[in-house]
């Protein structure tokens, strides 16, 4: 944890830490505290009076059908995004890890969508799937599928899933490739000599040895789908149609910023914080337990 | 080539199992075809939306509005980009892309530099000093790792309002520069700097600040570069926070501005200038990744694991 | 059991050719050691036999089957890797059973085979452990066990002992030899260690720059090295090389200071005055005063206990190393270059000249 040889002094290290700590306290602990405090209060419609209501806000939130709807949307959305982005990225990484002509070119071409902002990714896909203008949107309508994500909730969900998974593909690909390359070649050669064909090698050797990477990515992807995809949903569907793509984080935004219901949105924020802390804790447990082969 | 004594084994004529050989060759071929096929398909999936955006940015609004987007670029690139650059895109003509690009650049650089600066200082304090409250400070920073800005967005927004920092660069950037990830990375790296370096510095009479400037910073350069790439992209791609904090059109960032142009996704919009703006919005971070690929991949896999 | 033949095996990586036509026939049950300095192509050759690399041209024949293009799975071989390459997520049992499971062997038979192999190797109590819970020597045994249970036609060893400490290495060396004899499996063993090569091999292949410099039993290689490379590579301390020319009707060598040494076993073929390289092993350098003795100025003395290695230099500038019984001290050492153990090489080609 610490070096043996160190410098002396008290003021200097505190001065060095000051900026980081100041930002952390002002923009992290204070608002987090505020959120918890407000989640226990109720404000009247005009903001004149506040009263302490205990866990009532939480009760209300958890029993609110629109919150449950958002929670279910979040589950479906993040499950599909993680599954799609992880599965596809793993498959591509395995292919790119083979000794192929042009493998490095493929690798370079596959990683750069990482740089595209979620909201920009949304715009790109919107332009493809817009029912009157988009190439694919028009194509779907031409073959008889009534495609309009602005009217059909399931189609809207599919579209945000595609855009979100597309954006995350590169990230997963990079990590899977790094994971694959850290598996010793000789172990795979030993398996080949033991008679395992590629498919069997993958499932019995590569996949188990890759599991720490996969688990890490699973948590990262879930976190991504839960929180960082706000831009995609906001730009593509604004949570609609009829709240079909409203996720938990989107609902916090709607209730807090548009409806100005601070008590409820604070309670929702606290629930989300607990969720993230839970996810992170699981991840740290896994990192600690992670077998160092 | 040479062998002084040939062994006692008689030379057996080699039998070739042609069926097995054919099967082996076929397997190898199929594996190659699958690999190339999958990778080409992957590249297409990755590239297609961007290609269509590029194409869309080179036709006139009427062509796109009719729904006749061709697969190949058209002739209107110059005017579309000029409009987007000087006047803004979409029917609403929010803010010219030139201003929004500058704002995004400023935001991204400030966030990246700010994060790196305060992280280096705090990691240096935590690693090279022993003082009361060291671990408490470390944990206070560490906990911020857990909560992405989106989760605490509403209360943080209120803090900004209370501090009167809405519509300011300070309000936009400072809440985003607290970073446990960067601090942890630098801490980890500093721990690998041999104790002998510190001893030598002490013997030479160099103080802690001099040691930081002359030894630690030069050693950290590649780490800083790698981290800069990641953080620049992180900063450039910020969405929810600028959306809340900035109402002043002259401070609009391009990612937010782009999505505002779209409105509700109406087909009668000026898609050509929107697509030109989209290309401008994704070009800088994509260029950074493409040009600094090695650093980027290293930075990514090392910071997050 | 099986035989192995390599016919004109060549391998290039891009423009660099690393193997220049290797010919080798390994008899049933034989243990052949491929030895050479790093970069000589010995590991590449082994990997070509294993099917982990494909030869650019030539043929690999195992038990009469041309396996040149086949995958490792279809070659009926087992290999022990330098870093053991154990499956980190499987127990010792799992590691040893893996190849058998793939072949669709029944559970009971797998259990029987693994237990028997573990018994032989003394790793019976370790079967439930994971590789990272094992010491280097134990991992080595598991790697051996994984090869044994398969009962393959051919064993391949890729420097399996080089990650062990010196004492364990000697012990495992003897064990591998015993095991290979007992199982009678045809084996190919790659090493850079000449002692390992000499003690293990029925025959050695000494590789130099992608060619087999000599293929022969250990003692023949020691006594009649085919060229100066082999002569210098095998034997420690290394053989003394002395430049000379062919003289006196090809019956003698003349050293640069004019000394004549008459070949004990007869004249060598070649033109008069042809440049030669004479080889004399340090242990064959005789000491003592005499009419033909050469005084050496002693430069370095290495006492090894029962014997002493003395590095010295003659007046002509020629460096000579001598290996003496017992202890030695002194400033100078008179030596005689005895013709009885002299090796004669063509200085130009480096090849051995037989009488």
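A few points about this structure:
Letters A, B and C mark the chains as written, and numbering starts fresh at 1 in each.
In this text, contacts are C-beta pairs under 8 Å (C-beta built on N, C-alpha and C of every residue); 3 or more make two chains touch, one makes a residue touch a chain.
In this text the structure is predicted, and so the values were computed from the model without any measurement.
The chain closest to the protein's centre is B, with centres computed as averages of CA atoms. With centres computed as the average of Cα coordinates, no chain lies farther from chain B than C.
Set side by side, B-C and A-B show the greater C-beta contact count at A-B. Rounded to a whole number, the gap between the C-alpha centres of chain A and chain C is 57 angstrom. Each chain gets one centre point, the mean of its Cα atoms, and the points for chain B and chain C are 53 Å apart.
With centres set at the average Cα position, the gap from chain A to chain B is 15 Å.
In chain C, 71 are the positions where the chain touches two or more neighbouring chains simultaneously. Residues of chain A in contact with two or more other chains: 197. The residues of chain B that reach two or more other chains are 27, listed in rising order.
Against chain C, in their complex, chain B makes its touches with residues 1-9, 11-17, 20-21, 24-25, 27. Listed in rising order, the residues of chain C touching chain A in the complex are 50-52, 71-73, 77-79, 81-83, 85-89, 98-99, 102-103, 132, 146, 150. For chain A in complex with chain B, the touching residues are 2-10, 12-14, 16-17, 19-21, 23-32, 34-35, 38, 88, 91-92, 95-96, 98, 100, 106, 108-128, 130-135, 138, 150, 166, 169-171, 174-175, 178, 197-198, 216, 220, 223, 227-228, 230-231, 234-236, 238, 249, 252-253, 256-257, 262, 265-266, 269, 272-273, 276-277, 280. Listed in rising order, the residues of chain B touching chain A in the complex are 27, 31-32, 34-36, 38-39, 42-43, 45-50, 52-53, 56, 64-65, 67, 69, 71, 117-119, 121-122, 124-134, 137, 140-141, 143-148, 150-159, 163, 174-175, 177-178, 183, 191, 195, 198-199, 202, 207-209, 211, 233, 236-237, 239-240, 243-244, 255-256, 258-259, 262, 264-265, 267, 271, 274-275, 278, 281-282, 285-286, 288-290, 293, 296-297, 300-301, 304-305.
In the complex of the two chains, the chain C residues touching chain B come out as 3, 5, 7, 20-28, 30, 59, 61, 64-66, 69-71, 74, 203, 211-217, 220, 224, 226.
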